[in-house]
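These are the structures in question, set out in turn.
Each of the next two complexes has subunit A plus one more chain, namely subunit B in the first and subunit C in the second.
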Partner chain A sequence: MSEKKKKPAEEKNLDEILDTSRRDFLKKVGLVGSAALTGAAALYSGYRFEKEKHSGATIKVLTEDNRLVEIPVEQVKDYKPGLKVYQTRGREGIEGKRWVMVIDLSKCRNARKCVEACQDAHHLRPYEYHINTLVMQESKNTPRYFMPKPCQHCDNPPCVSVCPVDATFKRQDGIVLIDNERCIGCRFCMSACPYSARMFHWQEPLAVEGDKERVYDIELNVPHKKGTISKCLFSADRLREGIMPYCVSACPNGVFYFGDENEDAVTNGTTKETVRLSELLEQNGAYRLLPELGTKPRVYYLPPKNRIFEFREPGETEYKEQHNT
Partner chain B sequence: MRKLIPALTAILLLGTRLSAQDWTVPDDRKGRLSTFAFDDETRKTGQKLYTANCKSCHGIPGEDNWLRLVPPPGDPASEKFQKNSDGEMFYKVVTGRGQMPSFRTVLSANEIWALISYLRSYNQGYVQQVMQLITSSAYPDAEIRIALAWNSADSTVDISATAVSEKSSVAVTDAEMQLMVQRRFGHLAVDEPRNTDSRGFVRFRMPAGLPGDTAGNVLVMARFTDEETFGSAGKDTILRAGMPSFNESLVAPRAMWNTARKAPVWIILTYLGGVLIAWGFIMLVLLKLRDIFIIGENSTLNNK
Partner chain C sequence: MNSGSRAKLNTKNNIIPDLMAGTIFKSERYRQKVESVSADILRNVSLNRGFLLWMGFLTAVLLACLYAYTIQLREGLGVTGLRDITSWGVYIANFVFFVATSLVGMLISCVLGLSGAKWVKPIARIAEIIAVAFAAVAGLVIISDMGRPDRLPYVFLFGRFQSPILWDVTVVTTYFFVSLLLWFLPMIPDLAIAKDRLPGRPAFLVRAYEILSVKWVDHEKQFEILHKAMRILLILIIPLAFAIHTVTSWLFAVTPRPGWDSTIFGPYFISGAFVSGTAAVVIAMYFFRVSYKLEKYITDFHFDRIGRVLILVSVLYFYFNLNEFLVPGYKLKTSDAIHLRELFAGHHAFLFWGVQLLGLVIPAILLLFRKIRKPLPMLVISVVVLAAAWLKRYIIVVPPQAHPYLPAQNYPVEWIVYKPTLIEIAVSVAAIVLVLMIITILSKLFPVLPIQEIAEEEALAKNESV
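For the complex of A and B:
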């Protein structure tokens, strides 16, 4: 009886043994196989890496101090400047430059493209201005005209003199900038500026996608901070790239000229025509705003003479009028 | 209303007066033709260029939504526009007039032809005439070599242009050239455009007092104005034709607005003097207090 009982048990054991060994075998084969595959893949990728490494493929790169160097292709990394880089280079400015802007009032017809381009670049609301076109009238019997008014970037800036925390400063290329990271929002500079060029951020910055991850750029004032000051920056970030400011390029009427005083040349943002700065100022009777204050602005105005457009109230465009009458 | 009528009349009169001044194109420019045939690709390029450069005043072609300026810019799809020959259109875009800016420095010749090809797509009856002889160069199989030389004695730049091929070397004669100087945001045209003489020479006068770098070097560029014939043949050379300029940094002088290190001497002295006086006074008070304390100590000792 006991033998009878044992036999099927033995049989079962044998079956079990056979079954488990098959399973084990398959398991082992799977393990070894996948290990071999991974190993081969690793070996192959390593081989490829080594092959590429020794391929000698190089690329020519221009260094910051203007040297052309050759480096292996695989060592090229995308460069993203950090806050420290922005702050350092933003404080120093561009060597050997003296930026200057000329605004030809005879051509301005309040298209407001400069204002829009500026607000777009600096993430401002429609009622926040770094540049604005004003309606001007000197006295009752003189004509009205439009005047775009950015920051004058004075060579003797009263706003910088009064800043108690060194948040606003002047650079070697003439641009007056603000560090929103330092600004305490005391608004001394606002009251010191005779041109009312500065604005206070009463609200949280306009939420623009991607701003949260963005590193604060002192040359763009984006993303700025609530309770601090900002103003026109002469698009310092663009000048670093060799492109004219946002407002200058956006004007459809050829109002703005921009250039380097050291080169005695300014380029029109619309027509891209380059002219001698000294000749342009001389031939057109240029002037600066409130020269009696001794602030020495870097923005020149050409008088609104020989205007070829009719003065219209802001908001009343030529197009609208034509179609309403 | 009373004011409106004379105003409107004035505008109308002014408008008609201005538009009555015909925009005459020199006869030799009227017949100018594109060197390439207009196709969908040129029209597409032209449309992009139109949107970027012309739309702000001329509006969308065929929509009649141009800006109401005096004189009116007009709709490029209109009959008045399309009556212009290709050469006339080209000339007007290049030269500009009044409020219409010159696009000489903005668009290249081929870009302007692309623009015209786009505008012609609004003209059903238009049949393009392509320039018969399409050559990339007026001197086929030859390389155009340009040499520049600076004469400091009379502040002029001499340019010679020769077309060098395997067989021969001939002077490029009667070709209009323009001399330019590189500036930060564009090229400053120097002197008027001039034609090369029979020997392929042309002389330009450099303006006085044009700033160069610290050594007076400037990058001078010589170009043929007729891009269709000569392509982009040109020569860029650094010449010592400018005025050496030594402009110090704008933050170099001592000033109230400058950094603490660059503050005016009188401010530094006044400030330091003020600090010294204040601390000196505090020290004096402390010393006097010490004296009083010592006197008090002595008197209590004596009293005992």
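For the complex of A and C:
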């Protein structure tokens, strides 16, 4: 502000005299200004110091190199990952995991809590499904039973093969995701999916206004976009936080087991009981849907045997049902 | 003309019948023929009232239909009858139909042309016009089916090679440009002939002829280059044409759905394409013959011949239909059985049998009679065949989706049963209108028949009779 060097006296002329007086004036203003600034800064830092001294609360956090340190609460900042972080980690997946789901059909009573929790979490309409519960019957003489049907997260996914733009992809932890920042809406994946697991945003998504400000999280697929695909994500956002998927924890009847194939352990979403995956599959005669198509699903079903309840006609759901078997 | 040059001419003629050596062009007979033929054909090259009225009508319809598309753009694909269970409908059927019909350019110009069938000469250009128009619009049709047309560049930016869509985009674009060349290159001598014979036409048209005729002077060397270029293209376009429709069939055949999960979908589609394309050419031939008064050049003989082609391709298509439906129908695997029951005796039975009988079996039988292979009956038959060809694409695309492996439950009824909406139909009509516009422009602003080749043929015929 007042750093200009004074010129030697012999060079002074009228212009310079005028110039100097202007410079002097500026210098004075500058001095006053900086004094005021310094004072204000001093007052503010004093205020900050006092404020911090009074709060005094600390919190224990784990640093990146696994040390437990105690820091003042004021230093903890709310971390909001940007789109780039969401996209990068969302496409990479969670290292070392191979997520797997087991659905025990002998326990499903068609409560549809899984459907509701899922639609709630993903801002979907009642007829927009990531997971749906179906009434199944293999043949005329076999009993009817209920079957929750999420995306099968195939290890050989036909939908991923046909996607022209890499919008839907398979992660290292086994999850098949959809990137609605990339999807062009050709619906080739819907045609290719033998499980009819995918849905399309034919109209403006349900919570489009409320989700406007949200950063797109590929692991939650919210906010949705009109003209793009959506599908079951195995609640990848919850798995990242170490929580069970929405449908799994919402089930009141203990239908769902979820876990990591690498650990050979799955946990029941209702009872929280953890069992050995291989034993559960072996002892209950587990199977997968349409294995002859070679899609290698990551969802296993335990047959609907020894049910301790009667099969009840599905309640008056909002939408008329159509069977085609 | 001495015998030596005749001999030389004939040997060249054997290599490729479409193009000739330069010697004949110095003869007086040839010049006379050029005058008379060009007078007949160039008479139609004009921006007359009929043309303007017709184009005005097409533009009005197009604008109305494009308005429907703006609604779809604004509201999303929900304005169509498409839903999660049947997610491909009229648009995709239209796309398959367009790609199929465009294949006729290859059939007429290349397969028949290269095999020495001289009668295709006058109609080869008509076939190429149809190929260009349908191939060009096929690309647009597929965009109308996209949920996010604004992301079209992603196909090129993030394209993945293992997706058949990428193959389709590549080959359809290539086929369009090669077809455009196959239409344009043989027309260069005609443009040179025509540029001095268009009095009273708009200056821009004459100027366009001058530029497009690329200083053609009927020089022997020029014919040699043209000859070579055409030969390369005519051979190149055969695998290319097979590729576009085979890849289009793979959009379905690579999925595990009953009804699409077929190993013969490629040849099944190709043979079907020949049927719809040939029907389209017959309709165009009839229209140009009557409306452009070209009875002298598009004769009963040509209709007789193309009628035989239509029989041949119909028999071929019938054979593939037999394989496609009879073999799974014999085994009746659970999933196939549901689909086939719907087609043979269920909801789509009326459409299925109507298309198979009226669009394939009956026309082929009727055309066996020489009396039927006349212009007017052929026109009627071809219109029915072409309409049936469109409906056949609908049968291929829509019914297999209505019965997925796992039952479609807990949806509103209208989400399961597909019914095309008015908007959807309007957008599809827009595509057909665009095809008509392209055909009109290409056939009205440029000579619709090959002047030089016809003049040459006639001059030679006279030579031989001497």
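We take it that the second predicted complex is superposed on the first by the 238 of 325 C-alpha atoms of A that agree within 3 Å, B and C clash if a C-alpha of one lies under 4 Å from a C-alpha of the other, contacts with A are read in each partner's own complex, and residues count from 1 in each chain.
Criterion: a residue touches a chain if its C-beta (ideal position, glycine included) is under 8 Å from a C-beta of that chain, and two chains touch if they have at least 3 such contacts.
On a predicted model such as this, the values are computed, not experimentally measured, just so you know.
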Simultaneous placement of subunit C and subunit B on subunit A, clash or fit: fit
First (subunit B), second (subunit C), both or neither touched by A:194: second
Touching partner for A:228 - first (subunit B), second (subunit C), both, neither: second
First, second, both or neither for A:184, with subunit B first and subunit C second: second
Subunit B versus subunit C as contact partner of A:135, first or second or both or neither: second
Which of subunit B and subunit C A:272 touches, first, second, both or neither: first
First, second, both or neither for A:161, with subunit B first and subunit C second: both
Shortest span in Å between Cα atoms of subunit B and of subunit C, once chain A is used as the common reference: 5
Subunit B/subunit C common contact set on subunit A: 158, 161, 166, 319, 321-322
Subunit A residues touching subunit C - in the complex, by the definition given at the top: 127, 129, 132-136, 149, 158, 161-166, 182-188, 190-192, 194-196, 198-204, 225-229, 289-290, 293, 295, 317, 319-325
Residues of subunit A that touch subunit B when the two form their complex: 95-98, 107, 111, 113, 155-158, 160-161, 166, 169-174, 242, 244, 252-254, 258-260, 262-267, 270-276, 278, 308-310, 318-319, 321-322
In the complex, subunit B residues that touch subunit A: 11, 56-57, 65, 67-70, 96, 98-99, 101-106, 183-189, 207, 209-211, 245, 247, 249-252, 255-259
Contact set on subunit C toward subunit A in their complex: 75-78, 80, 82-85, 87-88, 145-148, 151-152, 154-155, 157-160, 162-166, 169, 251-252, 254-257, 260, 338, 401-413, 415-416
